[in-house]
Each structure stands twice: as structure tokens, then as C-alpha cells.
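What follows is a pair of complexes built around subunit A, which joins subunit B in one and subunit C in the other.
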Partner chain A sequence: MEKAQDQMEKQQGCAKGTPDFFRKRRRTDLLFAACVLGLFVFSSALTGFSLADGISSIPRALVWMGQNLIPDEQALTRLPKVLSRLYETAMLSVAVTVLAAVLAFLFSLAGSKTTGRGRLFPRLVRIVAAFFRNVPDVVWSILLMFSFGQNILTGFFALFFTTFGLLTRAFIETVDEVSASCVEALTSTGASFFPIVFQGVIPSAMSGLMTWILYMIETNIRSSTLIGILTGTGIGYLFDLYYKRLEYPTASLVVLSIVVLVLLIETISNRVRRAIL
Partner chain B sequence: MMNEAAGNGVFLGMDPARYLGKMEKSRKGSIRIKSKSRSNVTVRLVWIVLILLTVLAFATFRYKQIDLTEAVQSTFHNIGTVFFQPELTYDTFGGALYQLLITFCLGALSTGIGAAAALFLSLLCAKNMANSKVAAVVKGFVAVIRAVPTVLWVLIFAVSAGLGSVAAVIGLSFHSISYLTKCYAESIEEMEAGTIEALKASGANFWQIVFQAVWPATASYMVAWTFMRFEINFTNAVAMGAAAGAGGIGYNVFMAGSFYLDLHEMGFLTYMIVIAVILLETVSTKIKAKVK
Partner chain C sequence: MPILELKHVSKIYGAGTKALEDVSFAVEEGEFVSVIGPSGAGKSTLLRCINRLVDATQGAVFFDGEDVTGLDKKGLRRVRTKTGMIFQHYNLVERLSVMENVLHGRLGQKGTLAGMIGHYSEEEKVEAFAILEKLGLAEQAYKRCDELSGGQKQRVGIARAIMQRPRLILCDEPIASLDPSSSKVIMDQLKEINQTMKITCILNLHQVDVAMQYSERIIGITAGHVVYDGPASRLDQETIHQIYQSRSGALITDRAERAV
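Moving on to the complex of A and B:
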């Protein structure tokens, strides 16, 4: 008898609990929405942004793009110049990413929980990586401008520092995730540090590392455009030049060439990713 | 070294039984320990191409006759000035903090707009919710948006909307839309297939499925992605302030560095940005850990 009553009560409790569950969910959803809305209104007021202006600017910008951002004959005569700058930018981002990746991998071995030694050293590596990652590339490029001037090396080092910081964090995560069990297995067989790295960590983490490298190459092309505008180098400089001269057709050619390059790299990296994962 | 090692020990951490049938032997009859799988060959090939490109890059860069040792020395000197002698002269601390808040707000606005638009677009391009033709169109559209660097979007919008917060926010939102659409669509695709099927079978319409199944199942992932994007948008907003005159602390950094040529000032502002970013990163990591 008592058992049956208990069950009855439990069932009733469940039945009572159900609407409560929905009410609670609705309440958290509403609270969440209110917070987001509040932040939005506050931010709009502070920055002088209005959503109506923002939305209405989109069709205007699209119409303007349709009228002005179309390469004309004069723009096409400058195609070789654009392509040579584009080539420079593409090569820059590959070179930066590869070198930063090699250095970041060494650092990630020292900073990872599975391969790092001691407590102090991994923590130090993480702090160094956080520093390089979080100092904006804008600051690096302005700083480097002072000594390197309008040189490709300005862009190179500015990109290198941020890429190194980002990849070190990403690689540490990859190495931690992928290789914990195989490092343990190799350690138990008495393998020393280098065999563990070359036979265990690198093979098991390689596809993850490669995915990050390909992603960074793509990102660096976009970042180098920004840095180029600031430092007067590469494809960003070319865009800025024509943009400020109000020669929009040529500027649009620059934009189109960047789009084609990024999409090309994205396609290649998707293919590679599909092959290695 | 890396290329050679990539093939070695591929069995480790995997189920050896899967590979026993495929055991390869070399001509001499010994067992091959390097697997010739498609994946290993690709990795090796990509590495060779990347290294060749890097060498080619350094060979063809136009260095414009620069005195490297002098440049490196003065860079170290400047780095020392920026990071070890930070000092405000042109801005007040309160003023700089206010600019930091402006940057924060620009990031929040663009993330909010990006997230709202991405919610709709992701429903249109998730494999389990949309038809494949619409999905292909949306995905292509989003990929093209992403291919244009953020700074160019901001500058393009600046022509029709004027330099200022509108151009900055809309320009920043464009990238957020494409990034978040991709992420949201992936979390919707990872949903359990049975839930949607069950609701469809019971006659639920599209919006009922969205609100009763998709949203509850993916909300926490979406929040994590959105916050991660906010982190990115904050740093982007700093960059836009410097490169596109969008206001906020980035503009102050640009003025300090390129106009007043005051590295001490730039150092102080940099520290403020770094601290803000690290705080955001910590929150983001906590949210991610909670979701997982």
C-alpha cells in the first residue's frame, strides 16, 4: 500500500514538475533576452549607433557597391601591379605561418601538460603565449614601423608575433587533447623525450596541427590587409592608396583579388582537411 | 624531420586490430612501420609545398636595403619603452577607460547583430533543417562575405554611412554573421536526428521545431560560440579604431603611436587592452568549460 502511495506521489510530483520546468525555462530565456537587449540599448546610446541607420545603410552601400565597385578598363591595366602585391601578401602569410608554427610547436611541447616538465615552465610558456596573442597586431605594426619603416619586414614581424601567440595556444590544446594516452604508453615503455615527441606526439597530433596551420594562413591574408593599411605595405597599402584617391574601380579590383585568393586557399585547405581527417 | 616522423607510429593510440589486415611489407620482406595511407602522404606533401613556398617567399621579398641589425636593435629598444615605461600624457586614465568601454560596446553591438542574423541564416543552411539548394546558396554567400577582410567592409560602409560607429558596427557584423552562421549551423547539425524527426512526425511546423527542439538543444553551444566571437570582435574593434578611424581605444593607440609618436602612451593603452582581452578570454574559457 505504502509503496503504491509513494509511487503515486512521485508521479504527481513529476506531473507537477513538468509545467514548472517549462516556466523555469521560459523565465531564464526571458531574463537572458532582457540582458542582451539591455546591453544592446546601452551600447547604442554610448557609441551613438542606431540600428535603423545601420540597417538602412546596408541597401545604400549595396547600391553604391553596384555602381562604383566594378573594375573598369583603367583598373584592368593595373592588374599586374595588383597581382604582384597579392603574390607578396600570399607568400608573406605562408612564410609567417610556417615559421611561427615551427616555433609554436616547440613552445607547445614545453607548455603542454603531457610533455612539459615541471610546473613552472609550462605556466611560463602559457604566459608568454598569452602576451604575444593579446597584444593587438595594430600595436606591433605601429611599433615596428618606427624601426623598419615601410618595409615588408614590418608586416612580417607584426604577423609573426600574433600568429606565434595564437598557434602556441592552439597547439598546446591539440597536443593535450590528442596525445595524452600515447605519451603515457611510451613513457611506460621507458622511451625518452625525443622518441616520445617524434613517435608519439607528432604523428597523433599532425592532422590537428595541420588544420590550424591552414586556418592561420587564411586568417593571415586578411590580417595582412589590415596591417598593410597601417604600415603601407602589401595589398592593404594598394587598397588604401586607390581608396583615398577615390579611384574606386581599381580599389574594387583589389578587393576582388583578395576574395579570389582567400576562396582559393579555403578550397585547398578544405580538400587537404578532408584528406587528412 | 617532421615529414619523416609523420608516418611513424601511426598505430599508437588506435585500435591495432583495424590495421592488422593491412600490414604492409617492404621488398626485403620486413614489416613497414611507416604507413602509406592517403592521410600521411597528404600531410607530407603539404609540408613540402609549404616549406618550398616559405623559402621562395624569403628569396623574392623586396627588402629595400634595410640595415637589419640596426632595425632589430631599435625595435628591442622600442619594445622596452612600450612595455616597461608605460605612461599616460595625452589621455587621462578615465578618458582611456571610457574609450575602452566604447570599444567594448562596438564589439557587443556587432556581435549582437551578427548573432541575430546568423540565427536565421544557420537555420537556412543546416543540413538537417533546410533543403540542400537553399543551403548551398547561403553557404556560398557567407563564404564570400568572409573572404573580404573586415577592415575593407568597414571602409566600404564608411563611404555610404560616413566614418563612425554605424560603419564600424555594420562592417564588423558582416564577418560575425558569416562566422557565427557556420558555427551555429554546425551545432544544429550535431543535434540528435531523432528529436527533429519525432517532432516532424507529430505534425509540428518549422517554427515549433525551432523553438521546442533546436533552440533548447543548441542554446548553450550557441552562447559559447557567440561569446568567443565577442572576444574576436573586441580585438577587431580595436583594430578598426586604428585602421579605419572607427573610434574607441584603437584610435587612441593609433594617435599615440603614429601622430604623437609617444611610445610610453602607446604602452599604457596596450596594457589596458591586454588586460581587457585577458578578462574576456577567461570568461569565455569558463563558459566553454561549462558547456562541455
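Moving on to the complex of A and C:
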């Protein structure tokens, strides 16, 4: 009897702390939810956005889309033209990404903690990369338009700068993460910088680097559409043209073809990734 | 003349942490020395000061009569080719084959271009394969390293070090990540290399009993100071407790002794 009572008391003693703990947790959760809701209400009021109006206009939008955005016969006659522009855009993205990747890899070696020399230089590389990365590609293309005009080079450089900035950053992290141990080992054999990079760093980091490159090719096809609208080149130009001529079915054909292309690239890159790993 | 001599070596890391303080000892060619001490005592720093993966703040390290601390890049690389290193986490290029990792031992002795493209002579390949055969890894020679077990990976690490044709091998916790039977294989092979090839070995070890069983000489380090340097046979329980700053009965080795 006494033993049982003892145990009961013990359990109660144990449980004493728990309600408090859960009450606290619940309070934090409620507070967080209230904050999110408050933020939504505040920003809606500030911008004059109404959730009800937004939702109620969805059916109308769908009807409009159904009437205007289905590619018709006229749109299909323009398919060859669309495809040739699409091909051009895709090739530009691949070219930009590959070139930026080569340069970004060289920079990432200088910016990485394991392969970089000293403290100042790696930091400098990171700052330069951050600058190129954090200016949006659209801003780059507007800026570059002043120097190159409405030209394919403008789009090329706009994509190149952001890709370079982003890949440098991503490559630095990949190299840091993957190669510290083998760099140490190869250094201890007396190997010099370039053999260490080619025999240690590149094989270790290859799959990580490829994943980033493939991802950037996909991203660049998407962004090049938008940049094309600004610079009057590639598939973006075509979309802009038909859109402004109010040929919505053809414009939508352009959009659909971009979606198909991106999905295609994604499938290919998944295959490639699996083959490398 | 000793093959390795440390004279008043100190290492202070950036934040003012003293990793080593006035460490001096000499190692004769062909010795098998174990360094023991608690985690953070400076064992890894000590080994890395020898091949200058870490630069000593003060003092001098003489390898084969030559002051390593004063060497330029080229001289340092020459010394590193003569000192192999084995790591706790093996530090292999996991995505390359066993064979390629063993051949990496020769990278320091090649020109830049040959090293970059990984061009090795037929003799070097034969030699690498012979080393693998000796270590019982011939069947794994063309497998990728990430397919191997921990014990096999460490043997590849040993093979890479031997491929350098070193005079000294530094082993940083070579068995700390291995199970007892793989540990025995690794320790036996290191001992074998030491005896048949006359390669001097310096090991960092966590296992006091392993150190006492395999090495003639033990160096005990506590908080950056050498507190014991002498034959393994003279290392008594009291000294071990002094090295690990523990009370009697607080170490696993205490129980082992009671059982004996």
C-alpha cells in the first residue's frame, strides 16, 4: 500500500513541471500566429489589398484565360519561329552558365577557406561575388542597356554577372565543405597547389559543382525570358511582341513552350546528376 | 644524429590559447613513439608542427638535421615528401579509386603538370599495387574509396603514406574511429612497417593500453606540456593519472589492471 502511494506521489511530482512547459510552448505558438496575422492585416491595409476581392476575381480570371490563352491555329503556324527563338535562348543560357561557372570556380578557389591564401583575399572575393549576386539581373540589364543598347550582348552580360556571383558563392561553400580533409592530406604529401586542386578538390567537389551548374542553366532560361523583354532579344522579345499586338493565344504558346523547355532541362539534369553520383 | 628533434616548440593560437608550451624531445631513426594525453592537450598540434601543417609560434623543429621552421616553400615541400601522414578520418579523396589515392602519395615528387593530370609511370603503378597487395587490399584496388569500410580506408591511408617512401610517418589518432579488430590490423601493420622498412613512426593515441602494448617509448602531454617521456614499461598508473589529471579509479585502464 505504502509503496503504491509513494509511486503515485513520485509520478505527480514528475508531472508537476510538465503542464507549465506545455502551457509555455502553447503561448509561444499563439503569439507567433498572432504576429503573422497582424503582419498580414497591417500590410493589407497599407497597400489597399483586399483578400475577398482577390479571391472573388479568380473565377473571372480563369474564364478570361480560357477564352484568350488557349493557343489557336494562328498561334501554331508561328510555332517554328517560337522554337527557333527558344533554341537561341536555351543555348545562350547554357553558354552563359558554362562560362560563368569556369570563372566562378577559379574565384571560389581564391575565396575558399581551405584553398585560399591569407585572410584579406578570400574576403575580397566574397564581397565582389556578393555585389554581382545582389544586383538583380533585371537591374543589370537596364544598366547595361546604356552601354550595349538593345543587343543580345546586354542579356548575355546581365545573366553572366548574376550567375557568376551566385555560383562563386555556391562553389566556395561546396569547396569548403567537401575538400578540407583531402587538401590537408595532399598538402602533407608535399604536393603543390594545382595538383591538389586537380587531384583532390575537383574530384571531391564535382557532383556538388555539377548540381549547381545544372540548376543555374534552368534558372537562366527562366530569367532570360524576362531579360529578353527588356533587351528585345530571344524568346522574351517574341512574348512581348505578341502580347502587345494583343495576340494572346500566341503569347501563351510562347509561355507554354518555355515551361516545356524548363521541364525538359530539369529531366535531363536529373539524369545527368544521377549518372555522376 | 636523431632523425627528428623538437627544441622549445610553443604554439599559441590566435585567441591566445596555448596549445603547446616549450616542448622538446628527440626521436631516433626507427623508433615507434606514442603520444598520449587528454583531448585538447595539443597532440594534434604537435604532429602538425612537425610537417608544418601548423606553424609553431616559437622554437625549432629539426628533421634530418635541417631546421624545418625556417624553410621556404620549396624546401618545405621537399621535407613533406619525406614525412607521410595518417589521419583519424582517413582524409582520402572518396570519389576516386583506391589505386588513385595510393598514387597520390607521389604527387609531391612530380612536376606541376604531371601532378595536375595525374600522370604516373608504369613503375609507380606497379609499386602502388605491390603495396596494396602487401596490405591485403589487392581486390579493392579499383573500387571507389567510398565503398570501403573504415578499416580498409585507413589501410589505403597507410598505403598512400608508404607510397611516399617516407622516413617518418606521423599518425594522428589512426584508430580512433575504428572497431577493435580493425584497430588491431592497423596497429599491427604500422608496427610491421616500422620494423621491416625502418620507417620512424610517431602516433597520437587515445588508448593508453594500445600505446603501452605497441610502443617502446611513450610521451605524455598535458595542457601543452610534456609530463612524461620514457619507456612504456616504466609508465605506471600514477603517471597515467598525472597525464590525464584524473583521480585513481576514474579511468577505464584502472579497471583493466584490477582484472589482471
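One rule holds for everything that comes next: the second predicted complex is superposed on the first by the 260 of 277 C-alpha atoms of A that agree within 3 Å, B and C clash if a C-alpha of one lies under 4 Å from a C-alpha of the other, contacts with A are read in each partner's own complex, and residues count from 1 in each chain.
Heads up, the rule we're going with is that contacts are C-beta pairs under 8 Å (C-beta built on N, C-alpha and C of every residue); 3 or more make two chains touch, one makes a residue touch a chain.
Values in this document were obtained by computation on a predicted structure and should not be read as measured data.
Using the contact criterion defined above for the overlaid structures, shared-chain residue A:G200 touches subunit B and also reaches subunit C. Contacts of A:S181 after superposition on the shared chain: both subunit B and subunit C are touched. Of the two partner chains, subunit B is the only one that A:P136 touches; subunit C does not reach it. The larger set of touched subunit A residues comes from B, when the choice is between subunit B and subunit C. Look at A:L79: by the touch rule set out above, it reaches neither subunit B nor subunit C.
Of the two partner chains, subunit C is the only one touched by A:G190; subunit B is not.
Once chain A of one complex is fitted onto chain A of the other, the partner contacts of A:L103 are absent, as it touches neither subunit B nor subunit C.
Looking at the shared chain after the overlay, A:L241 reaches neither subunit B nor subunit C. Contacts of subunit A with subunit B, set against its contacts with subunit C after fitting on chain A, overlap at residues 181-182, 185-186, 198-200, 203-204, 206-207.
Contact residues of subunit A toward subunit C in the complex are 181-182, 184-192, 194-200, 203-204, 206-207. The part of subunit B that touches subunit A in the complex is made up of residues 1-2, 5-10, 12-13, 38-39, 42-43, 46, 50-51, 53-54, 56-58, 60-64, 66, 70-72, 74-75, 78-79, 82, 101-102, 104-106, 108-109, 112-113, 143-144, 146-152, 155-157, 159-161, 164-167, 169-170, 173, 216, 235, 238-239, 242-243, 247, 250, 253-254, 257-258, 261, 263, 266, 270, 273-274, 277-278, 281. On the side of subunit A, the complex with subunit B involves touching residues 25, 36, 39-40, 42-44, 46-51, 53-54, 57-58, 60-61, 64-65, 69, 88, 91-92, 94-95, 97-99, 130-131, 134-139, 142-153, 157, 178-179, 181-182, 185-186, 198-200, 202-204, 206-207, 210, 213, 221-223, 225-226, 229-230, 236, 239, 243, 255, 258-259, 262-263, 266, 272, 275-277. Residues of subunit C that touch subunit A in their complex: 51, 53, 76-81, 83-85, 87, 89, 91-96, 100, 104-110, 112, 115-118, 157, 160, 164, 170.
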